[in-house]
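Below you'll find the structure, written out as C-alpha cells, and then a few comments.
Here the chain labels run A, B, C and D in written order, and each chain numbers its own residues starting at 1.
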Amino acid sequence: MGRFVFQRLSQSVLAILLLIVLVFILARITGNPVDLLLPADATEQDRVYMIKQLGLDRPYHEQFFDFAVGMLHGDFGKSIRFGRPTTELFWSRLPNTLRLSGLAILLSISVAIPLGVLAGANRGTPLDTWSRVFAVVGIAAPSFWVGLMLMDIFAVRLEWLPAARMGGLNHYILPAFSLAFATLAAGMRLLRSSTVDLMDSEFIKLARIKGVSTPVVLWKHCLRNALIPYMTFVGMQMAIIFSGTIVIETVFAWPGVGRLAYEGIVFRDYPLVQTVAIMQSIFIVFLNLIVDLMYGYVDPRIRLNS
Amino acid sequence: MATAEQTVAVFKPKRRAWVSELRRLPWFAIIVLATLAFVAIFAPLVSPHNPYAVDLPNRLKPPAWQPGGDWTNVIGTDTLGRDLLTRIFFGARVSLVVAFSCVGIAGGIGYALGVMAGYYGGVFGSVVMRIVDSIMSLPTLLLAIVFAMTLGPSMATVILAITSTMWVRWTRLQRGETLRVMKEDYILQAKVSGASPARIMLVHIAPNIFNTFMVLSSLQIGTVILFEASLSFLGAGIPPPTASWGQMVSEGRGYITSAWWIAFFPGVALALTVFAFNLMGDWLRDRLDPRLRQL
Amino acid sequence: MALLEVKNLKTHFILRRGIVKAVDDVSFSVDRGESLGIVGESGCGKTITSLSILRLVPKPGINVGGQILFDGVDLLTLSEKEMRGYRGKHISEILQDPLTALNPVFTIGNQVSEGIILHEHTKGQALRDRVLHLMHGLGVPAAETRVGQYPHQFSGGMRQRVVGAIAIACRPELIIADEPTTSLDVTIQMQYLNLLRDIQRQENLALIFITHDLGIVAKMCHRIAVMYAGKIIERATVKEAWDNAMHPYTKALLGSLPKIEERVDRLYSIEGQPPSLLNPPQGCLFLARCTAKDGKCTSPEFPPEVQVSDTHMVRCWRYV
Amino acid sequence: MSETIFVVDNLKKYFPVTKSFVVYQKTVGYVKAVDGINFSVNAGETFGLVGESGCGKTTTSMMFLRAYKPTSGSIRFRGDDINKYGKEKDRLYHRAVQMMFQDPFSSLSPRLRVGAIVGEPLIVNGVTNRSEVNDRVKEAISQVGLASGSDNNYPHEFSGGQRQRIALARAIVLRPQLVVLDEPVSGLDVSIRASVMNLLKDIQGALGISYLLIAHNLGTMRYMCHWVGVMYLGKIVELAESEELFTHPLHPYTLALFSAALPSHPDVKREEIILRGEVPSPINVPPGCRFNPRCFRSKGGCSEVEPQLKEVSKGHFVACDQAV
C-alpha cells in the first residue's frame, strides 16, 4: 500500500509539472507572453518596460525557473481587469464553488448508485428501460443548455425556484442539478453495466448456491465489486463537475471560480484564466489522488499488494 | 444472454436473414445523422436565408406557431434578426467538421501511439503512459481555454486544443488492447515465422483492435461536439459571426425570459446530434465488441 | 427411495432464433453415500442439468417439465424462499474455476461463514471454531491467519479447498461438483479428489461429478450417466460402462483415451461435431457421427430407454 | 538410431523480478524458470516434456522458438547455437522450426482468411510467387484433412478441432524440421482429441518431422512420445525412452506423478503417493535436491547436495541419489 500511495503521489506531481511546462511553452509559442499580460490599449513603452520588469528577455530556462518558483510561492501575477493578485481572487471565490460542486457530486453519487444497481439487476424491466433513456439523454444534452432550460421552466415560468445568484438553500437546487446531470447519467450507466456483468459472475452464482437471498446478493456481494470501477469514475466525475462549474456558474451567475474564469475570458484577462486553470488542475489532480487511495482501500487486491 | 449461449454451444447459422439484420440497424440514429449530414453539406442550398444577414427590424421574431411569428422564419430570429434555422444548418457544419477532424487526428495519433507503446513497452511505453495518465487527470476544458486564449480564437485553434487533450483516450485504450492481443498465440506464431515488428503491428495487431477503435471513436464524437459547444458557449471557441451551436445558446442566454427559442433550438440540435452519435456508438459496440460496455 | 431422483427433466432456452433444448428428458438418481458421474463434452447440457437441480438456470432458460425429487419433495414445486432453504443447507455445489468463484472483496472467513450464519444462525466463537474446523478439514494450513485473508492471497489449489469448505459448511446431503479439478495440477488434483472421497465417507454424502474426464469417473464414481446433445444416452454402473459399454458414443469415448498403463498403437477417433442444440435434427442425435448405424437408426424418433439390466440403460436403436 | 538434430546444453532461463517506480525499474530477484537442463531431439521423433504448471516446460519450448533468449547455456541446431546465427542461417532457422499451441481460438488471427494464415510463413520467408504460395497452402490444407475450399474462410467458421488442423497446416507449410507442440489437444473436447493426435502421428510419419511436445497428460505422453523428460521446478529429474520411463519410473517425483494420474479403468488401483505441500516458488528454490522438501524418500543428505542427472541404465537418466 505504501508503494501504491507513493506511486500515485508522484504521478500527481508529474501531472502538475507537465501542466506548468505546457502553459509556459504555450505562452511563448506565439510570440512574447507580454502581449497576453498587457491590456489591449497598452503602449509600446509599457510593453518594453514590462518585458524588462518581468525578465521576459532572458533565456528560456531562466524564465522557466522564475515562472515555476513564482508559482511555488503562490505568485501567479496580477489580474488585468481587477488589478489584484489572481490567487487572492481565486481563494475568495473558491468556497462558493466548493459548496456547489460538493452538492452536485453528492447528488450524483446518491442517485446513481441505487438507480444503476437496480436497473442492472432488473434487466429488461420498465425501470431499466427508463433509466437507460434517462442515461442517454443525460449524456447527450449539453449542461449549459440543460441549465438554461431548467431555469426557463422552474424559475421563469413556474417561479418555484430562484433563477440565479447565490442565496438560500433553494438557490442551490437548479445549478447543482444541472451540474450533476451528465455525470449522474454516465455513472448510472456504468454501474448498470458492471452490475449486469457481475450478476453473471461465478462468485454471485456461488453466493446463490449458498442460499443467499437476492437483495443480499445484490447489495452485499455485487455492490462492493461494482463500486470498484465506479470509484475510478467518481474521480473523473469530480474533475468533470469541478471544471463544469465554469459553464454552470456562468449560466446561473454564481460567484465562484468558474464564473471568475469566464470573466477572464470575456475581458481577455490572461493571467486570471491561467491562474484558475492551474489552480483548478492542482485541485483536481489531488482530488483524484484521494479517490485513488480510497479505491485502493475498497479493493483488497491493491490494498494488500506490497 | 451470454451464459446461455456459451453453456449450450449454439452454433451461429452461417448467414442471418438480411431482413432481420436490416431491422436491427439503429434507424433513428441513421435518419438523424443522414439529415444532419445533408443540411451540413448543402447548407447554402437548403437554407432559406443568409446566415449572416442582419435584419434588425425583424429581431427576436418568435417561431411560426407563436403569436407574432410567421413562416419566413420558421423557428424565429435571433438578437440581430438572423434566421435561426439557417444558422442551425450552418452550425451543423462547424460541429461536424470539428468533431470529425478531432476524432480523426486524435484517434489516429492515439491508435498509432497505443499500438507502439503496447508493442515496444519498456521505457518508451512507460513514458507514453505517464504522459497519458497525467493528461487524463487534468481538467481538459480549462486547458483548452488556455490554449484558445494564447493562440487566438479560430476553428484551427479549437481543433488543436481539443485534439491535444483527447488523444490520450485512444492511446490508453489501444495500448491495453494491444497488450491483450499480444498475449494471443498468433502473435508469437508470426514472430516465430520470422515476421518483422512492422508486419506484426500492421497485419496482426492493428486490424484486430480496429473494432475497439471504431467503437471508441463513435462514442467520442458526441463528446467532442459537446466540448466544442462548451468552448463556444464560453466565448473561447469559434469566433462570431460564424454560426456555432454553443455560441448561439450563449447569445440566447440573456433573452431566456423574453425569447426562449434562441437558446432552445440550437440546444435541441446539439442534444439530438450527440444522442444520435451515441446511439450509433452503442450499436456499434454491441455489434462489434460487447466487452467494451464500460467505455 | 433414492436421495435425489430426477425424472424426465427438461430445461430449454427460449431464444429469438428458436428453442435450445439444453436438457431434454433427462432422468437419473443418486443415493446417500453414492457418487454419480455425469459425463459429456462441452455444450452437452451437463452444467445446465446441475443448475436445474439448484434451480439457478440463467435466463432465458426455463424448466419445461419433469420432476426433481429430493428426499421425496419435488424441488420444482417449491417457492423461491423455500428453495433458498435447500441451497447450501441440503444441496450444495463446488464450482469449476476457483479463481472466479470467490468474491474478491470479502475475506475467506467471511465467505465460508456466510452460509452457516444464514442457515444455522451460529455466532461468535462457535462460528469461528466451526469455520476453522472446516478449513482444517479441507487441509488449509494455518487456517487461523488465513481466514482473515482475501482470495487473491491464495493459490489455485488452496482456493479450490476453500470452495470445497463453503460447499460442505452446512453439512448438506448432496454435493454437485462441476469439473472440480480441471484447473488443478495432477498431484493437487489427486489430493483434492481424495479429500472429497474422505468427506463423502465421513458424512455419507451423495456426490454428483459433472465432468468431461472419464478418469475422474473411473476413480471416484459408482455409477455413470453419459450425456450427448442434451440427453442421457447411457446409464450404468462404472464397471458395466467400462467392461460392457453399449452405446457407440460411449464405446468410442472410452476407446479414444490414451492410456498411461499400456501402450496403444492407434486411438479410436470420432469424426465430426455434436449437432447444434438449436433446432436439432430429428431422430438419433449421434447418427451423423456413428460408425455402427444400420437401417433402424434412421427412424425419426429419438431412441427410447432400453433397460439392459437393473442398473444399465441405453438409448440406441440397435438395442431396441 | 536416427540422427540427432537438436542438442540442449545446460540451458538456463532466469526472469528478473522487478519493482517499477514511475519509469524506473529495479531487479529484486530472479524466477529460475529453467535452471540447467540437457537433452537432445532426434530427427523424426517426438520428445516430450512433462511436468506440472511452473516446472519450466513452456519456457523451454519458448527458447526453442527463440521467443526468449537463454540466460546461459545453448540450444544447438545441427551443431550451431541458434542464438548466435548470422543473417542467412537466421532465415533458415525460421523455416526449420514452427509451432502449434493449446488454444485453438487464440492461435489464429481472426481478421485473416485461412489461406493468408497458412501462407504467412511462406510470404515472410521469401516465397514471393503467388501461385507457388497458393499451391503449397492447398497442399498443406489437404494434408491436415481439411476441405479443399477452406482457405477462403475465416477462422471463426471452424470448430476447435478444425482450427487446430489449420494451425498444424500453417506449421507444416514450410516443411520444418521441428514443430513445437504446446498442449496441442488439451483445449479440445474429449471426442476430438484422438483424431488430432492421430493426425499428428500421421504427419510425422509422412514428413519425418520432429516434435517437441509439452503436455501434462501422461496418457498423451505415452501415446505420442519416443523420449520423455520429466521436469520439476526448472530441472529435468528423469529422462528416458518413453516405454522405459512408463514401465520403469525411478525418480520419486515421477512415481508421484504417475500415481496421481487418473486411472483409465475403474479396476486400476494404484498406490497413492501423497506429496507434502505445494510446489515451492521458483524464486526461492530449496537448497540441495529441489524436490526434497516434498519427497517421501528424502534423507539427510538430500537437502545439501544437488543430485546430477546420471545414466542408470542404457538411455535412462535420473537425478536422484535415492533412486534405484
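Operating definition for what follows: a residue touches a chain if its C-beta (ideal position, glycine included) is under 8 Å from a C-beta of that chain, and two chains touch if they have at least 3 such contacts.
Being a predicted model, the structure only gives us computed values, none of them experimental.
Across the structure, the highest number of inter-chain C-beta contacts is found for A-B. Distance between Cα centroids is largest for the pairing of subunit D with A.
As a whole-number value, the distance joining the C-alpha centres of subunit C and subunit D reads 32 Å. Here the spacing of subunit A and subunit B, counted between their Cα centres, is 21 Å.
Per-chain CA centroids place subunit A at a distance of 52 Å from subunit C. Residue positions of subunit B touching 2 or more other chains, listed in rising order: 3, 130. Contact with two or more other chains is made by residues 22 of subunit D. In subunit A, the residues touching two or more other chains are 11, 14, 200. Partner subunit B is touched in their complex by these residues of subunit D: 20, 22-23, 65-67, 91, 94, 97-99, 101-103, 106-112, 117, 120-121, 124-125, 157, 167, 170, 174. Partner subunit D is touched in their complex by these residues of subunit C: 41-42, 155, 157-158, 185-191, 194, 212-216, 218-219, 238-239, 242, 249, 252-253, 255-261, 263-264, 266-271, 273-274.
By the touch rule above, subunit B contacts subunit A in their complex via residues 2-3, 130-131, 133-135, 137-143, 145-147, 149-152, 222, 226, 229-230, 233-236, 246, 249-250, 252-253, 256-257, 260, 263-264, 266-267, 270-272, 274-275, 278-279, 282, 293-294.
On the side of subunit A, the complex with subunit C involves touching residues 200-203, 205-213, 221, 224-225, 228, 298-301, 304. Looking at the complex, you find that subunit A touches subunit B at residues 11-12, 14-15, 18-19, 22-23, 26-27, 29-30, 36, 136-137, 139-145, 148-149, 151-152, 156, 190, 193-194, 196-197, 200, 229, 239, 242-244, 246-247, 250-251, 261-262, 265-266, 268, 270, 273-274, 276-277, 280-281, 284-285, 288.
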